[in-house]
Every structure is written in C-alpha cells, then in structure tokens.
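Here you go, one structure.
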Amino acid sequence: MRADDVLGLRPCDRVLVVAPHPDDETIGPGGTVARLAATGIEVHVLCVTVRRGRMYGGASDPAVREQEFAKACAALGVRNQVVAWIDETGLEDVSARQRDLVDLIERHEEVSLAAVDPVALIIPAAGGYHQDHQAVYRAGFAAARVHPAGLKPTPRIVLGYRGVEDRWSAVAEPWWLHVDTSDQWPAKEEALRAYSTQMRASGPRSIDQVERIDAAAGASIDTRYAESFVPYRLAY
Amino acid sequence: MRADDVLGLRPCDRVLVVAPHPDDETIGPGGTVARLAATGIEVHVLCVTVRRGRMYGGASDPAVREQEFAKACAALGVRNQVVAWIDETGLEDVSARQRDLVDLIERHEEVSLAAVDPVALIIPAAGGYHQDHQAVYRAGFAAARVHPAGLKPTPRIVLGYRGVEDRWSAVAEPWWLHVDTSDQWPAKEEALRAYSTQMRASGPRSIDQVERIDAAAGASIDTRYAESFVPYRLAY
Amino acid sequence: MRADDVLGLRPCDRVLVVAPHPDDETIGPGGTVARLAATGIEVHVLCVTVRRGRMYGGASDPAVREQEFAKACAALGVRNQVVAWIDETGLEDVSARQRDLVDLIERHEEVSLAAVDPVALIIPAAGGYHQDHQAVYRAGFAAARVHPAGLKPTPRIVLGYRGVEDRWSAVAEPWWLHVDTSDQWPAKEEALRAYSTQMRASGPRSIDQVERIDAAAGASIDTRYAESFVPYRLAY
Amino acid sequence: MRADDVLGLRPCDRVLVVAPHPDDETIGPGGTVARLAATGIEVHVLCVTVRRGRMYGGASDPAVREQEFAKACAALGVRNQVVAWIDETGLEDVSARQRDLVDLIERHEEVSLAAVDPVALIIPAAGGYHQDHQAVYRAGFAAARVHPAGLKPTPRIVLGYRGVEDRWSAVAEPWWLHVDTSDQWPAKEEALRAYSTQMRASGPRSIDQVERIDAAAGASIDTRYAESFVPYRLAY
Amino acid sequence: MRADDVLGLRPCDRVLVVAPHPDDETIGPGGTVARLAATGIEVHVLCVTVRRGRMYGGASDPAVREQEFAKACAALGVRNQVVAWIDETGLEDVSARQRDLVDLIERHEEVSLAAVDPVALIIPAAGGYHQDHQAVYRAGFAAARVHPAGLKPTPRIVLGYRGVEDRWSAVAEPWWLHVDTSDQWPAKEEALRAYSTQMRASGPRSIDQVERIDAAAGASIDTRYAESFVPYRLAY
Amino acid sequence: MRADDVLGLRPCDRVLVVAPHPDDETIGPGGTVARLAATGIEVHVLCVTVRRGRMYGGASDPAVREQEFAKACAALGVRNQVVAWIDETGLEDVSARQRDLVDLIERHEEVSLAAVDPVALIIPAAGGYHQDHQAVYRAGFAAARVHPAGLKPTPRIVLGYRGVEDRWSAVAEPWWLHVDTSDQWPAKEEALRAYSTQMRASGPRSIDQVERIDAAAGASIDTRYAESFVPYRLAY
C-alpha cells in the first residue's frame, strides 16, 4: 500500500504546514513531513504562537520553545520554519483573533501562502478539542479558499492532521487519507524527543502513545506505521 | 481511568453478545467479555452463521469453525454459546433475510433476548463494511426496541463493537465508551489463537493488528489496552 | 428500565455540573442531580456567570439570581455551588473568553475539576444555540481531556445536557443516555419554581414545557419522566 | 406559530401518504393529515402490507386490520386508502423486495404517484429502526426522484414522518418542519383508538406515549401539540 | 416544479434577510428576494458591516459600498435596507462580538426582528468558511429562538443561504429547499453588476460562476435556474 | 488548479470503474476516465447489469444497451469493458444479491479486482437514491477492504462518483476530490450521445443537465468543467 510519491507531489513542489504551537507539526504530520522532505519537496512550517507562563508539569519559556521547534524541524528535514507570535504575557487568547489568524496564514512575510505559494496546505483537522487548534483550523480553511488565478495563491491540496489528544473529540471526521510513514518513524521519534519540555513519560503527550496511534493508522493500510489525514481538498 | 464495574453491571447480571460469524465476538469485544465474565457476570454469545466453502486463504468447515468458537468462548469465560444457522451449501446470503434475523435475536430458544433476558445487548456497530455485519447490526437494533414491561425483554444497555477490519468504514461513528482491558489481553490473545483457520500471520486478521487497535484505544483513556464501543442506549 | 445506580456511580463519588447561567443546572439535568444526590453522591455545581441588566420580560439582579440559584440547588440536594463571574456591567461576552473559561473549569478554587476531582463532569451539550452555552461546552470539553495519572484530575465520565430551548438546534446529537427521573420530578419542579425571575407562565421557559420534554424523554425508555444526555465519554 | 395553510398547500391539492403497515399513517402524521383534509386537500394513503400471523401481544388478521385502517382513515378525513399487499402466509420479507416497492409507490393503480399525481409525498423518515420502514423510506425516496415534465409525476414536496418507536434510532435526523396539530388531537386520538388490535395500554404503542411525543413537538413551536417532519424536498 | 407562492408566503407578509457584508444578500438569495418582492412581499435587508481598507484586488470605501448595496437592493425590489456597522478603521473582528450581533439582529431600530416582525428570517447557512458568515449565522440562529407569544417576535420560517464561495465548506449541509428563480435571473444579474468593486471578471466572485451554481441548483428541480436553502425551521 | 497527473497515477497504472448499469460510468466519472486514458492509464469498466423490459420513455433491449455501452467506452478511451449480468426477464432485483455482487467485483474473470489488480477503484458514491447504486456501492466498498499483501489485490485508492440524479439524495457526502475535465468535455459529450436510448432531451438525464453539474463542479476549483468525487481511501 505504498506509492512512489504522496498524492502526486514532486521534488521542488512546496508544502506549508500550520501548527498552533511548537510540536503540533511533529505529533500530527511529522512522519509525512519527513517523507516529503526526503524526496526533495520543500516543507515550510508556520507556528502560530508560543506563550511564556506556567504550564501543568512545568513552565513555558519562548526561547526554549523556539530552540526545541528548530531542533524538531531539523530532524524532519523542514526547509524553513517560523514562530509568528511570541506571547510574553501568557495572557493572549488566540481563539479571539480570528481575522488576524487568517491574515497571518495568508500573508506572513516569511512563511505563509503568499510567501511560499504551496501546492499543499496542511492544517489541524476540524475536530480538535483545543480552542487554539479550532481557531487555526478555521483560519487555515478560510485562507485556502479559491482565488482567481493570478490574484493570490490557492493551494490545490488541503489536508487536516491530528492533534496530540485528538482521540478526545466530539466530531467524527473522515480520516480517509493515509501516508505510510514506516521508514520515517525514527525521524519522527527524534523530533518528538527534541520537545523535552513538552513530552511526558506517560499519558497522551508521551512518545509511547503517539507511537500507538501511528501503529493503529498503519493497521488501516497494512503497514508498520502511518499517519492519517482528513482530505478537505484535492484538486487535479 | 478504571472503575470497579463496567457501566454498573453487577455479578449475576446477564449480557448477550451477537456475532455474525465465529470470531467476531472475540476480535471486537473479547477483552470486555473476559472482564465481565471474570466478575461473575453471565455472558451468552449468539453466533448467527457459519458456512461451508472455499475461503481466500483456505476452506471453511462448519464443524471446525464451531470447535474454534467453543474454544475461544471458553478462553473468554463465556457461559453459553451457540451457532444458529449452519449453511452447508455456502450459498446463503444472510443480508437478504432481515426479518428472520430479527426473529432469531428475539427468540432463539437457547441464546436470545427471550432466552437470556439480558441487561446489556452487544452487537456489531453500524459502520461495518461487511453486508452480514450490517444486517446483524440492523436486526439487533430492531430487536432491542423498547417493549412495555412484562411483554418482552428490553435490554437497558445496547452497545456496538468493532469488526475485524472496521477501520475501513465510510461511517464515522462516535466510539465514546471505552473499557480498560489491559488485564484481559492474555485471555483475548488466547481466544484469538483458538481461531487457527481464521487468523492470519499478517494483515487485518492478524493478532498483531488487533493488538495495535486495542493499544490505540487504550491511548484514549491512558491505559495499556482498551476496547471502544458505540453506546446506542444506556438507560438508568 | 431502571437500574439501582446511574452508570455505576456509588455513594461518596463526586460529580461536577457546569452551568452557563443559574437555572441551566436545573432545566437540563435537574432530576438526575436530585437522583444522584438522593443516593449519597456529592454533586457540585459551577455556575459561570450572572449579569446585571435589562432582560426581555424583566431585569436581572445578580444578588437575586444567586439567591434563586442557592434555593434551586438546595431543592435538588446539591452539596456545594458557586457563581464564578458576576458581571455588574452586563456587557461581558463570555463567548469571547475561551481560555479563561477553560481555566475556570479546571481550577476554580472552590468548585472545579481541581477542587472536586469528580468521577463525572456534566456540561451543556454541543448543539445549544446560545453563544454562552456553546462556549461553556467547548471549554468543558477541553478541560476534560485525558491527563497522565497524578498530574491533573480527569473525569471518567463526561455527559452533555439539554438547555432550555435546545429543541431549537441545527445540530442533531445522539441523545443516547437516559436517566429515569420519575421520582425526582417533584424536586425538579420545586427547583424550577425557585427561579421566579427566570421562568415564564408559558413558552419555552415555562414549567409546562420542561415537563413535556421530560415526559417525551421518559417515553424513550417507558418511564413517566426521564432526562436524556449525550454520552461524550464513558471510561470503565 | 400557526399559518393559514401548511407549506402553501391549497384546497384541491393532493397529498400521498405511504404507510408500511396500517397505523403508521396515524401515529406519525395523523394530525397533519386531519388538518390538511379539514381544509379541503385530498389525502390518499397507500398502505404497503398487512400480514396474517402471531404477534407479540395478539394475532394479526388481515381483514380486521383493514377494517381498523378504514376506520382510522375515516376519522382523519382521508379521501381514499388502500392496502396493497396482503401477506396471508405471514412469511414475506418486504425489505427484500426493494424494486417491487418502488414500482408499487410509482404505479399502484388506485393509490400511487401515477394515480394521484400529488403535490406532496409523505413517507417514513430515514431513521426508523424497523426493516420495513427503512425499505419503504428508500423506495419512496427513489420513487420521488425528479422526472422531466410530462413523463411521470414528480411531487414538489417530500416529507419524512416519525414511526411509533422512532425515538429508538441510531440516525439523528433534522426534524425541522413542524405542523401545529393542536386542534387535530381529538381526531388523531380517535384514529388511534380505531387500532384496537395494535395499540397497547402502556409502552411505546400507547396513546399516552404518542401524546407525549406530540406535546414535546408542540413545545418546539410553542403550541399545545405538533407533529415534526424531515423536509427532504421543498420545491417552489 | 413551480408553485404559485413560496412556502405559502402571501402579499404583505414580511421577510428579513441578514447579510454579513453588502453583496451576500444578492449572491446567495438574490433571485428569491426578487421573486418574493415581485409578489408584493416586503423584503428588508440588514447588512451587518462594511469596512474601510485594502482588499485583494482593490480598496473598500464604505460610502461606495453603501451605494452599491442600495443599487443592488433596488434591482431586487427590496423595501428597506441598512448597513449597521461602519468600520472606519478596518480593524474590527465581527466574529469576536457574538453578543452584540445577537442584539443587532434582535433589536436594530430600523431593520431587525423587532422592527420588521417578519414571517421568515433568511441568514447565511452554517457551513460558510468565512468567520463573519459563521458569526452571523450563529447570531441569527440564536435570535430566531422561540419566544412566548407577545413577548418578542419569532419568525415561523428560518432559512440558510449560500455564500459566494461556499462550495468550499467542510460542512455537508442539507440543501433541501429550492426556489425556482428562472424568471428572476435578469434581476439578480443586474444586482450583481451593481457591485462593481466586489465582483471579478473570473473566479468565484464572477457572475459566470454564480450563474453556474444557480443553473446546477435548477437541475435539482428541472428548472433553468434555482437557489437552494437549508430549511432550519418551518412552522405551520 | 490542474496537476500534471491525477492523484499521482502514472502511465500503465490500472483503474477499475464499476457501473451499476451502462451509462453510469459516463455520466459520473466519464471526463475523468477520458483524462486518465489520454495519459496512458488503462481504464477497465465492469458494468453490473442490463435488463430487458419496458422503461419509462421506451424499452430496454440488452443487445442495444451493450452496443451503446461499447460505443461510449470507445469515446472515453476505455481499455476493456464488460456487462456481467444480462437480465432477460427484467425481474431481477440486484439489491437483494449483496453477496453475489461482492463476488462479482472481486472475481469476475475478465474485469474485476482479481483480473485487473488496479491502483484505483471507482464506484458509485454512498448517497445515490437508486437501490442498485446503493447495492453496488456497498459491494464495491466491501470488495475494497484491505487484504494482506500477496493474498488478494487491494486498491490503494477508492473513489465514489455521482449518479445521474444524485442531487436527489438524503445523504450529504464530502465531495472533496475534484478533477479538472475541461479538455475532456467533448469526449464525455460524445459518450453521452452514444446512449441514445437512455438520454433525454430535457430533465435529469439530458446532456444539458449533466453539463450544468460539471460546470458547477468546475466552479469549485475555478476551471471550466470538473467532476467531483468522495475520496473514501487514499493510501500512499
């Protein structure tokens, strides 16, 4: 159940992944990112925000979070990555800035639809329980609407990826696209380990549980590991 | 995330599981059956049919299939089990006998709603791709409708379980009920091994892939293994 | 169709109900609260907000609303209740404070997941038309995500209840869990009467219409009255 | 919340109701039928089948069932009604005769789309648990497809009604059309009483429970009673 | 497939259309507005907002936008229209003002539920990708809840219309109500042309693509053109 | 919005299309078939049945129907096509032969999964109202389940296509995959014309209405024409 290329993407094609926070790009589509990058496709990652503050199980320091993010992206072979909004107060509510989020994904000067002009846009799927994931999904979906040729880039492919704890969802979505990531599990595991302040020894944020999810997705297509996506748009 | 008892079921309560073919009662809810049985709950299994004939990867002999079924049920601690319809020609299409299926589940003399009067009825979930699973789901659902007290038994609880390859489904169902089966995996594995003519070394019908599914379900509730169900009715 | 205990809950177990405004805890799950309380289960109610201001059909005075709330909770047998946010200006838009709502439900010092450590969390269901109900649903759902054992309390059971006018909903939800509240109707009616500034003589906010809804739910399970819930998580 | 006419239907317009068995036309849309008939609209009822045989709680004699059907239709003001298939053996499975059902609804010589040429077709809704209801729904839906003008009648309006126990459904449908039947409850009750072999003193088939459902539907639109429908097609 | 009147609406009945921005009332339900107006029904349009600022493909000047809006409404035969919020800074995020939106639709002094007391309320459908459309849908839905007779107007009919690019939606809604607008296409085209700063020569905002959508909707009911709606409430 | 190749399919890849009756392969996915064939991909078409008999608007003669089918397939560039079941009596009900249908799609000796071993399987989508389309959808879906490598062919890609009148559906499916067929419209039109006994001058079975549907699908991705599919499985 493995093709030479994913969805017909070719070397030199460009892909944009949007992550609400550092680590979402790895936990959900990390193996797919690594597989695309390994075949010469340029993957760019726009991370929306990190905040400074107290977390359950530790503290969040933006500088540390950005280092982890860079290290993880390097492990996956990402071409370029950026964290757009640094929330030094820890009090921002991203989910109340819907318009700004659309603008960010459309026009961030370094990593955005305008800057990258990607064939594929990969965003959080609709069913995530986290308010930031929902807001980024909505904004990414809006940003991906079809524009007349020449006016603004429109990605031909739009996919939704799983979040860390998205088995906890009230929305049953069609996870119909599967990417064999058996060969990329080591790279994904390395990227996960880069997030030493985020991952836990057990529970939903543990490498063990991410591995179980990818192994079960692999069972869908009879491979060792896979990642599943919701295929919101595929235009050929 | 583990309770003393499942859904408030108590020792001496009775549960009826309906399986389209031998092995469905194990692959889907086998660990839950074993856990219920271990706490003194009577579990009865009504298997609808086995057929004689050529299969991909072998042949199906009803006598052998019934032996496997008995052995698996013993491993799980089932109180009583029966195969209702032996199809010696191998040509029956169960999915065209909807009314007979409803009658079977309502009134089979040995294992049925009338014979067992169960608190809980456990049937295949709606989304299975196999025509027999769909037919048994529909018939079980119809049989479980509410009757006036005293006229006919009505199970207070109705659950849908996963089939062997039900990651291949066009219906996204709410798998909202999870049973921790960590301690029952050995019993489930033994029951799976009893099906030597049905299980395969690899692919969807392998023990490895059933284990992956149960491990991923466990990740939903932070346990080693779990089985997930669609909770069609819970009346208290 | 009545069990000795609801979902296996036992005396001394704790339950947390979250209500957007005073009266939601009564109109939706009031009979269930009364039944749980009557069997020795501790029920705690977190009411998010009351606002001062003009209402259709009257005025809202926070002090009066809190008195009504206390009186209704007493009628239902609630152990402890609190109103978290008093909006003296009447201008707050709760639905724009998603992050704060999650924090509130997780960590309010007196009544919250952290303070109560409940087995079951009962929140508004997803399909309510009111923006505050939707916001509290989303926040409650997010707060109920699974945490590693020991880090933060995770309720094993999460249920969604009906709002006052939730027959007006564009979302068709699976109301699959039913609780027989025939014996608790008098307590629920008394609690409804406590809300003299909120209930009306006719229309959706009348006792007559709440009674009709509970009588129709009772018809689902052949009892005099019942309350129906969406069973988002049931872990055993 | 009451209009002069239902959906713009006018005196002399014709309506076709399809009932799997005698009593379905009354339990579901009986009040609406009575209201339409009272304003001069011709309502025709095609009942698919009665069978001879043992029933839970009694026996079914086709002649008696047809008498009951005629009496109920008279109480509702139906212009013309017919039972199409008499199953003297009691062994027919209607759900296995999908093509014949479509032909029946399209072309029965006395009461059908061809014979009546109705503006509105009223069929069981999709979510009924009973195999016959599901089959009649599917057949009615197929029969109602759009035909070129002049070739075959196409009803402009297609509605789905509730079955007797359709609170027991795994399909959450949008019951968005409500008809105020407050003034028609007496006629509906009289028609229900005509079914002396079918109705029960308690339980889902009791007048009490039908009344509770209609009272709850009334609560949706602030009337004493109402009937709710799924509006599959409304063409103007 | 054409009736004399739409949904039974009669001359002198009043209808309220809510548009997030100028042109939404035309692109979605413009032909239906024209058909209703042509039969003597009063149609009132509440446009929520225009903003000053840079747009892709041009600039937005509130005064120009209001002129276009007035011209389009005149072409459709609208009785009265208003733009409620002028955003001179271009920085407002309507989607973060949920409560204000509900108040606006309920109580705007000139065009609102209170001011117009309409039989039918026509709002954007739920599935639009644009954050403002989603917010206006939610607010309109909340404003349309049922009130006791005499307290506040409740529209008997609530419909959802398509937005300009709503083929790009992750929500599959039931577009079950169709209005034959074959005779109104010229008026709709004239109204579209009035929006010279908004419409484009090609792409989703071109007259050509709006025409294709209406022609495909017409194919649903075998007419030249039609507009399709989601029928959220129909009470008779 | 056009890629060099569809979903990464390459010259010499094989595709299997299953059509309930002759013309379904053209009306739904005809342009896509033509585009695939034009790039060197082998397309095989399995048509399930033709029946002899009276039709609305004419008569059905199997020999004529097969000639039309062959002519249409030639226009689209199909490599090989077959009609499996000739129903000389006109009385067969395909929808009651679910098991036989699965066997047919798995093992027909000339055109089937076993005979063709395709990368992609293209079947009717789930939501068709016609009982034969539903039966072929279910059988095709079942036949496409994942098998262990080497035992039986498993198509990596499974797509659902539209039927002739599938705007008449009670199931809202996600039509998320779009294929630009602008250059293939002439071939599709030629193939449609080959069905002189099936196509009509007006109404749903007219070339005009098929063209409107494809033009509206094109509007989804800003092309002149397109065909939309439900992407049930995409494995890479």
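Read from first to last, the chains carry the letters A, B, C, D, E and F; within each, the first residue is number 1.
Please note the rule applied: a residue touches a chain if its C-beta (ideal position, glycine included) is under 8 Å from a C-beta of that chain, and two chains touch if they have at least 3 such contacts.
Just so we're clear, the structure is a prediction, and the values are computed from it rather than from any experiment.
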Shared chain contacts [chain C and chain F, defined touch]: A, B, D, E
Which of D-E and B-F has more C-beta contact pairs: D-E
Computed distance of Cα centres, chain E from chain A, in Å: 36
For chain A paired with chain D, centre-to-centre distance based on mean C-alpha positions, whole Å: 51
Residues of chain E touching at least two other chains: 96, 146-149, 168, 170, 174, 202-204, 220, 222, 232-233
Chain-to-chain touches, reported pairwise for every pair that qualifies: A-B, A-C, A-E, A-F, B-C, B-D, B-F, C-D, C-E, D-E, D-F, E-F
In their shared complex, chain D is touched by residues of chain B numbered 96-100, 102, 126, 138-139, 141-142, 144-149, 151-152, 232-233
Okay, in this complex, where on chain A does chain B touch? 167-168, 170, 172-174, 202-204, 209, 212-213, 215-216, 218-220, 222
What residues on chain D touch chain E, complex-wise? 1-9, 146-149, 154, 156, 174, 176-180, 220-222, 231-236
Which chain B residues qualify as touching chain F in the complex? 56-57, 93, 95-96, 129-131, 134, 165, 168, 170, 200-206
